[in-house]
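Chain lettering (A, B, C, D and E) follows the sequence in which the chains are written, and residue indices restart at 1 in each chain.
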Amino acid sequence: METLASLLLIALGAALINNFVLTYFVGICPFLGVSKRIDLALGMGLAVTFVISVAALLSWTLTEFVLRPGALVPTAVWNAVAPAAGDAAGDAAGAAGAATVDLSVLSYIVYIFVIASSVQFVEMYVRRFFPPLYKSFGIFLPLITTNCAILFACLEILKRVEAREWGLVESLTLAVFGGVGFTLAIVLMAGIREELELADVPKALAGAPITLITAALLALAFMGFVGMGANVEKALVEQPPISAERPTSPPDSGR
Amino acid sequence: MNDSGPTAAERFVRGILPENPVYRQLLGMCPTLAVTAAVKPALTMVAATAFVLICANVLVSLIRRLLVPHLRILVFTLTIATFVTIADRVLAAYLYEMSKALGPYVPLIIVNCMIISRCEVCASKQTVGVALADAVGVSLGFLVALASVATVREILGMGTWMGLPVLPEGVPRLVLFVMPPGAFLTLGLLLGAINAWSARRARRRASATPRTVKEAA
Amino acid sequence: MTPATPSSPDLEAPRLHVAPGPHLVSGGRSTRGMMVDVLVGLAPVLAAAVLVFREWALLQLALCLVSCALFETLFARLRGRGLRGRGLRGREASLTDGSALVTGAILGLSLPWSAPWYVAVVASAVAIGIGKAAYGGLGQNVFNPAMVGRAFVMVSFASVMGAASYVRPGADLSIVTQATPLTAAKEAAGAADIPGLWPMFLGVTNGSLGETSALACLLGGVWLCWRRSAAWRIPAGVFAGAAAAAAVAVLANPASPLGVPHHLLAGSLAFGAFFIATDPVTSPLSHRGQWLFGLGIGVLVITIRMLSNYPEGVVFAVLLMNAAVPLIDRATIPEPLGGIPSADREAAS
Amino acid sequence: MLSAVSIGLASATLLLLATAMGLVLGWANRAFHVEIDPRVARVHDALPGANCGGCGYVGCGEYAEAVVQEGAAVTLCAPGGPSVAQRLAEILGVAVEPTWPYRAVVHCGATREQRKGQTEYRGEPTCTAANLVADVQACVYGCLGLGDCVVSCDYDAIHIVDGVARVDYTNCTGCGACVDACPRGIISRIPFKAERVLVVACANQDFGADVRAVCAVGCVGCTACTKLSSLLAMDDHHLPVVDYEHYDPKTADFTKAIEKCPMESLLWVGKPTPEDVEATEDEELPERVDPTFDTTVDRAQWWG
Amino acid sequence: MRSFPGGVHPPDAKTLSGDAPIEAPPAPAQVRVPLLQHTGAACESVVKVRQQVMLGELIGRSEAPVSAPVHATVNGKVLKETVATLPNGRHVAVLPIQAEGEQLEGPAAVEEILGGEWPTDGLDAREPEAIAEAARAAGLVGLGGAAFPTHFKLRPPAGTRIDTLVVNGCECEPYLTTDQRLMEEAPAPVVAGAMLAARAVGAARVLVGIEDNKPVALAAMRAAADGTGVEIRGIPTKYPQGAEKQLILTLLGRRVPGGGLPLHVGVVVVNVGTAAALARAVLRGGALTHRVVTVTGAGIESPKNLLVPLGTRYADLIEMAGGLAPDAARVVAGGPMMGFAVGDLTTPVTKGTTGVTVLTAADLARERETACVRCGRCVDVCPMGLVPTRLALAVRAGAWDATRRYSIHACMECGCCAWECPARIPLVQLIRVGKAHRNAA
């Protein structure tokens, strides 16, 4: 129950409450660029969701087994093999007391490398074996390499995995629902922009400005979900009915 | 397109306003929206981005003859990633609070389209001097963009500028401006204002020099 | 071919003209007429607000009406001066269509009586400027202008728009010494602070100006639907969706002080269902779409009420569903009589 | 010690990763290889990227594919002009034939006063809409003068003057947008072999008497001009046609044909002659707004 | 009785000419007979200039299957071929005929064309092919307005089973009383023609649908159909009840598939005027040379129902009805909902001309166009279940994909949406522009 609840929270958080695009501003370029038609937007959204999941899987694996402090060479082993070195590096390892190999400095390079390579691999694979799919979907893949949403998800996962909070399932949940949230936002935006094709937007605002203003209003609408995470958690995890659980401070409408 | 192209000085000037990366090319939107709730983080961001942009441009320009065409984007990305890591570590070491405030947006400089675009369009084809001028110009343009967005947002949202109080006590603060919708709104309205302004300028320029049939011919 | 004159020489030729058909139009309705309908429908709501909040209601409403009208004029002027888009094609935005007054009235009635003057002015500016003028004026906006303004000030001026601001302990109006029903429900342990169903229906409770009296909203709303200036399916959908979601909430938490009727009567649900959600510009065209839209708003209102930090969710629910209207419209294109003609079929797939 | 090991491990990791990825991608590149013609990309790069559709294809991308794979002519890009055609020809390795700039010409010369049987029209003020209403003007072939072509032009190169469309050849790029916009099909693109080119300024296909009934200047199909110039021939609709293929601006002499035309249906269009300029020297052109924003989201999206 | 969804109730204004009996004025001095008066291929002239022709003599024909021959409509001399623009915008060749000598006019013409006995015995023993051929030879086309060649309709493709012949007596278009007067004054040829048409297509059942705002016509038709097996149905008055698909839906509950024809649901529809003309063509061998035209509207001095030769100029027609009122502002060929405005009064009457409605400035008083607020009234009244506002705005914005997504070709241009639109947007015209764009592309 508790695991499910925490997964639900991660999912809700990534898709609605802290929508990747509308709250964290990642993936803005495709959000502005590929949101002119609903079908293209949907394709982009699905492509991002797919790639983000693949990248999350790879980066989680790399983080867990290579990059995380103590991952490559377990602390115990390190201490056994190089006890003398332990003293020398003691200052750096600090209070934890366990000196070990920390490759997390490499994480950015490794991630972007992994993302770029896997996107390219997927692209080549799809182009070779599913030409129709490539025509409708594959054209987005090169765009995704430089989509910050992917790297952002990887970094979030890195943070949690380093802190030993999340496992693979949580990481994947974040990735998939982050992608779903991105898809939701970009498809809503595409619907609105198709509608705006028929509208008589002032010339100075036509194009990017009105898209940004629409994004602002969309973000404003999504603010309705603010605080939902905590309240859902309360309802699901702490079980006692809401009425019995009095918040310590009255909810302030603004926060 | 840029085989010969403009000179270093022209590129420098162009990057600032006429081809401003944010306002005119709509690149680097992510940091423009994400870290501009206040001016200070915005300036830090600009500094980090400028560092990466300049270093990457110079390096790419130096190795431009070694680039394999179909792997060039990967090389750019890795170069940028390296410099971003350096910037990130430096920030974490000397400006810990700021580094925490900027959160994931410093590593996200890696995928800032602005930098890749400069590497691709300019540095990979130009000499070091030109690439450097270009990078500095674009960095200044980025500075202009982020500073303007951040100024509007901080003053309207919190009544301060660089943390210094600007608006008198009694004026209500529009807290929305430091929130996500405010970021989109500010950038959208500023873009619109710039469009309107340059449209008017173009019109004025056109009417200032009346064209006659003879001239047209 | 000879010019267009009858051959009779003694008859003075009338000036004929040509035009596309149909050559007759129903004289009954006009866009302005529909706006007037909405204003008339809002009359009982205003009456209830005046009864409960006295001159404060009138002041707030007048402020919103005047500032909306001013901003409408201002932006129409700006548009006329070089900010023209693809040609206005004879539908210049102006005060005469009455839409700015409707926006102002709905905005005014959705603000708390205690909101300071600048709240109304900023909300009006945002509603007309960003909510409507930026999209090209009446009929082209995606989001309900009044709700854009309301949400903007709600988030911006949290301190003067928050739950606490409704309550004035020592006020000369007895109503406003109590918390609003929904705030009471969110904060209070038991049902003690929550008014009964009857006062909530009549509207002798605290809240924003227009939202207290479900009865007044019902009166005005039924009139609007009867005049066909509002699609009855939307409020019906809102109530059905809200009732269903509220039932789920009650089942999930039987100890809650709020029953399904409370949820339907409380807050601005009725006001929103009849006057805000039914804004034709920002709601779907097809009947199925209108049902979907209404149900979506109803469910979202209760979800936001129960789960988010905000005690009331109408503003956000309406904005969220507004954003989905293009998709709803797309998904619910009605099937033509006899099916899609072959000439159009390949495009529809 | 630790740092040394760290650095070593870091390098090893990166190297390993790079090797692994390189191998995988290298293998994939061969295993999943799809033949695409690199020339398509080069052609696309050489095109101006305006995506105007003037070539008849959906956009520059499709035109690039068509040029390489279907053997479409390299000269179709109107905004690019001869220089682009030259570059495309170089890429494809074909010889480029000398190409003339194509420009739009309007096959109607009747001003508002010269048309007969006009009835006041109240409806959607576009040509396409008015064209569906009978008797807006008696001539069903001529210019309606409501300016659909003006709206369609991205280069501010066509205007309604005295109720009839006139092309401004200083701005016209020959993209053909106005050709598609005109519901009566009276605009066409012709090769501009000289600065001034002769056009038949009438499209009325009826017999002379019927033409005279509807227009003061329409071609009555008298064949006077075709007898005086070998470059003019009557078509099936009682209209003379200029043989632009054999038109040589140096030798062609239309003076007599023009003099003989009873209806002013033969017109010179193009750049004004020095005499024209002299006559109109002091006239001011209406205020013109230059298109300003060359950057749009479209261009940025490929960097997203 | 359940009717079709949507539709509107414009004031029918049929009292203007509803009581005026059908009369045949003196023949005009000149008629201008278009060589294309129907949907389909144009005819070629088969006469020479200055040739003398007799009433009913063949003057134009075409080999194309979808076409109908054209006959001389007066006795006289053929003049030089010229052109005319018909109200629907088609630019066609015209044969002017100068009237010379004796003419079929006045009460004699009415008696000749509509009067006399119309026996119904033995009609169902006639050869179907002979009926269709007689219709073709007479140049018969649908007289309800669309002018589709009748012989083509009477020869359904092999393998189609037609079980019902529907006779359209709705005349839902406001102002017009052509069909109403015909049914009141001459129900017998209508019934006979209906039986012949049913015989030709092999339909066992004949249904006549008449809107219930024409009680006299209903009674007259009931009396005439008594004992013939032809069923007369009074149906709710609602515009556009007379549209084929809507009529079939109301009478039979069948939906004609999108882009399909009535014969796809086993039905053939003919107008009452067509039925009467068919009876004349088969029983008396008369070519289609005259038709009843309602000349009406507040802009006409004395509205009338006139039996006139085809090719009569509108100017003559208007003069026969007392001329234009001083405040006449718009001359409409047909009724005010689906008719086309005419600027040139030399335009000739064709086989499809149901009436000429002259509207005054007061009728036309319309406000300026305002913004569409998506009120959805056009959606509610569209009898085809479309979304007119989306279609129209998509056309304005040039979003052609969207027009097809919203099934622009299902629109029959009945005008309900534009009639109802509070914003006064010319919805029908915009939709026509959209269709024209699609057809051109």
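In the analysis below, a contact is a pair of C-beta atoms (placed from the backbone, for glycine too) under 8 Å apart; a residue touches a chain by one contact, two chains touch by 3 or more.
Keep in mind it's a predicted model, so treat the numbers as computed, not measured.
Contact with both chain A and chain C is made by B, D, E.
Inter-chain contacts peak for the pair C-E. Set against the C-alpha centre of chain B, every other chain centre is closer than that of E.
As a whole-number value, the distance joining the C-alpha centres of chain C and chain E reads 46 Å. A straight line joining the Cα centres of chain A and chain E is 66 Å long. Note on chain placement: the centre of chain B and the centre of chain D lie 38 Å apart, centres being C-alpha means. Averaging C-alpha coordinates per chain places the centre of chain B 40 Å away from that of chain C. For chain A, the set of residues touching two or more other chains reads 28-29, 32, 105-106, 109, 113, 117, 146-147, 194, 198, 202-205, 208, 210-211, 213, 216-217, 220, 223, 254. For chain B, the set of residues touching two or more other chains reads 26-27, 113, 116, 175-176, 179, 181, 185, 192, 195-196, 199, 203. Shown for chain D are the residues that touch two or more other chains, namely 117, 119, 123-124, 129, 132-136, 138, 293, 297, 300, 303-304. Note for the complex: chain E touches chain D at residues 80, 82-83, 85-89, 91, 340-344, 347, 426, 429-430, 432-433, 436-437, 440.
By the touch rule above, chain C contacts chain E in their complex via residues 1-8, 11-26, 29-34, 89-91, 93, 97, 99, 137-140, 228-229, 231, 280-281, 283, 285-286, 329, 333-348.
Chain E makes touch with chain A in their complex at residues 393-394, 396-397, 399, 402. For chain E in complex with chain C, the touching residues are 4-5, 8, 10, 84-85, 174, 245-246, 249, 255-260, 299, 313, 315-316, 318-319, 323-332, 336-346, 357, 359, 363-364, 366-377, 379, 383-387, 389-390, 396, 401, 404-410, 413, 415, 418-424, 426, 428-429, 432, 438.
On the side of chain C, the complex with chain D involves touching residues 1-4, 15-20.
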